[in-house]
């Protein structure tokens, strides 16, 4: 991990298609299964006593999430699919030039995925790149199986890193494009959203102590699907799993909900951002003091959303040390001096500064 | 059954609260269970080898539908709940004065219902009136049990009768109030909607050969719930069960879908009509030639919707003879002279005659 | 106003149909017009320099809300429609027997309403009863006029009163029926919901310093209509008008949003409670410590929602004095001892006590 | 235009991003403006007496539709945006190698678009390729401007051509990828869907007499937005503009509605297909006899949907001659021998042949 500038490799970066799956260590597989399968309704592709492979209803690759029993709740890999088998080679060479540790496995690190490379990236995150995967049934038409809160796609990852500007440059070199960010008047970047597929992001960088995983996000078709998930959690007397929302994001314009799984891993349910696939797609910069940036309705962000995140593992399966963010924190910047931990509506708010382009 | 004027009894009519349940004979209980429970998701209150008691998610009385194995697909009773036990006595006396056959059972005709009276009404329909019922859990908050097409209320019945004007007068005497109707320029009434509770109807009269049951209607909360039912039927490769819709009614302004159960009994799924509880609630009269009356979007009504209906039984369980409608039929009036069985958009249509009050 | 038991009159109470309109004093009519007409989209029936008459899209009586320019933001009348002209006489006699001040006007207190009586009720609220009203076009079918957040009905009022038990007894005598309430283990009532029409309430009593008006509530058809209102407020950079929500109520099971108008009058947008019209409709009692009672998703209630409310006027137009609630307050009971003004998820929460019947 | 095999050029095809706009000739600009602006709510970027430039709410390029007053209702251009300025050169060279007529304009053919090339493609369609465009405000966050049926994106074109197999090969050479198609047991292709962006299509080929334009499609966020458009047309007494739907497509799994503009140009409103961006995205082949392929609910396709389409223009502005399809027609194949022009539910239907992969 580095906090010094990350050089731009001479190597050609791999052609990344999209975020594809997360390899997630959980400490109580049965409890996690209840959360992801019984409550959220993700589809089980296959499972054993120690692993569960899950996918969303419109997915045709083997899985979007691996739950793996382990001693420490953490992320084993943020996995991206690349356009062709050759791109796995490109990824391996790219990170080797960066001086990163890499590991290549012809038969994959997990079931359903073939030739892959995992790396400890310059920010300390375990990234995986693969092309080869087993196809499974796309359940898009299987309305008989889809519940009222059906998760239809993996949408994005979100990573916590101390220096967003640094991380952003590295990901842009890797081929990602920034769609939106949050800055202050001094040019400090608090968060950035980066995409490969034609949505607002495949991953985002959130400024904070890192490397840590902020959340993984699945999409629904409509807003009522997300509301249903809240209603169901209420019915199950598990509303404490709702951390934040539902609400409308300013950034991304999507409708959202944040949940916490039994290990505290954060899961976003997300719907309806916009097309970003043109190379000159306008970047939207939000002022960190704009209280509609995180919630378009001005509802406060709970402090835990800023402070809590999951550990990430190195290639040996050990947690990466967490480096403190030294730049100003969004939580500190956007709450009052009284230490009151919510941004309250109508109080302590600077004049609105419309950071976006409207 | 009579086609001569029905006298207004001197007796006080019972104070009817609402349509409450239908007692329905089906010829293959397992097939009906698949339709009403597995596909539509109605809640089973109790069941045996010969009967299934079903309710909607917001109901607290014992059931809204009884499926009863029998030799002929037909309706045994259209059951209405009255305000107080005494109203059962009033109902019995009222129909006796009308000269109708009545049968009183202190322990009810079906499980979960106490003291009741069933009558063969002047139009030939088997009506039941009861107050006493067993309370069951109202599952309104049980989102964990509610599927994406959850049926939350019984909304109304719809009955086919040869002379709508005659039947309407009888039901108005009984305490119903007309909210909307369809007429032509000669004053012939093709259909009328009548209510006790504060919605557009508890029952409707559709002009045609009768007495027959046109449909029973359940409500969902939102339109997407109805769309989901169609999507699920498609996924199950049972889309042939969709007879008409989904669409927006002109009459009632509700969003609708018509299905046919395994015996051909018609079931409507319905949502979002309007409040009608004021005594001077404006009656909306539609012109039979207005092609938006039955579908606000002008989509054609399939002929079977006009011609098909279910038999009704007398108190001995024998089908009531069906009397032909002698007034002009809505099907004949609203389709072209070429015998083409759909009303086609933009063809053979008179100038719009806005029958309603807009 | 009294805090001693309110006697049950020997007089027959009027047969109340429903809450019908609120007569509301605002201090800046232009600002209020922007809020209620430009933002919320209520329909203007008629208006002058000093008054605006507004209705919802499915209404056929003259108005559901009168905005009246005045010196002090307050409620002039909570108006209920009765079943027949004679019920106005009954209302007058009923309140006279209670010793309340009454005023009868054959031509009404406001435009569009005829013979009416206004009273200063035993709790200090200005209640009006009327039958006679001018019919206007019911715009239910006018989708060309309805925006994405269309308010289709007036749903209910909500009143703040120091002693909910006392007020509830008075309203039950008047003919209202309790559908839900919030109590604690000592039998203190914190709030009660009372209905005449077939929904969860026409008015509610919220325990607090009173008499004051807590809110007036309008209905939409679907949840997305409410979400749109939030989205629009964000777009107008008026998200500070959102006080609480959107969310799902535990009580009533409705989806909700609370706004504050330019004078601070609270407006709820509400959709999808359940049918309550049977006389034995089950009453749902919630435990005040159940953190899903006010928000089914356990999201905290902002303190202002408990503390702020609007003044009400006597028949001379002077604000009624506000009497302090001496029973324990819901705000105090449900927040931590640290004075932290939000109930935080997962902290300081007793074990869930399921007060409702599930 | 050719019906003989279209050679694969040696030239590198342009890197097409997406369908971008249609240049459409209308015969009554005021009537078209009412349809596209007043009814459908598309955003006017700029307009003159002879041209109107329209865009969807999430668009940032100058327009998605040009309405141009002219003598014959027809399509002047199907315009695609390419990744870079150089791709316009590539497009020009590519079509020149194909022997197609091309016209290059450095300042564009329409306002808001710069350097472009238009071609008469091998199928007879006027295709345009451009990169340079004027950016305009993306109105994604402007909920204050978005109506209940807001069109948020241009989704796709649909073209009628006699030989779908031939056309598909040509478009695959150009870089499009097939996502779904309809075939029969003899291998005849009735329609094919082809994409560049990550959705089911940027354009589709429908078998029939051509070259003609079948429709242009705009997206909404949710299904209720589409239902609203129907409701509004009903309110305006313009329901005859609804040609087909709303419904759920089998192909694409999207929710749809087809309208006809004042010239008969067909417009689809569309929402919620699935991600297709992976190179091995599974192709779904539907059996032409599967009555859920065009409507997942089995509702009949109106004959006009198969037979009617708009003329397309050559680069001189003259209508291209229409060549008859000689392969079997989907209309003929899927309706009964009695000439009955609707596919009726449950009649004349072969056993379902599930052409798709479920």
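All chains are identified by letter, namely A, B, C and D, in their written order; residue positions are counted from 1 within each chain.
In this section, a residue touches a chain if its C-beta (ideal position, glycine included) is under 8 Å from a C-beta of that chain, and two chains touch if they have at least 3 such contacts.
Keep in mind it's a predicted model, so treat the numbers as computed, not measured.
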{"item": "Target chain D, source chain B, minimum contact steps", "value": "1"}
{"item": "Distance-maximising chain from chain A - centres being C-alpha averages", "value": "B"}
{"item": "Interchain centroid distance [CA atoms averaged], chain A/chain C, Å", "value": "42"}
{"item": "Rounded Å distance, chain A centre to chain B centre (Cα mean)", "value": "50"}
{"item": "CA centroid of chain B to CA centroid of chain C, Å", "value": "34"}
{"item": "Chain C residues counted as touching two or more neighbouring chains", "value": "141-142, 222-224, 231, 234-235, 250, 296, 358"}
{"item": "Chain B to chain D touching residues, read off their complex", "value": "222-224, 227, 230-231, 233-235, 237, 239-240, 242-243, 246, 248, 250, 255, 291-292, 296-299, 302, 342, 345-346, 352, 354, 358"}
{"item": "Residues on chain B engaged by chain C in the complex (per definition of touch)", "value": "17-18, 58, 60-61, 81, 83-84, 135, 137-142, 152-153, 197-198, 221-223, 250, 253, 272, 274-275, 277-282, 296, 356-358"}
{"item": "Contact footprint of chain C on chain D as seen in their complex", "value": "141-148, 150, 222, 224, 228, 231-232, 234-236"}
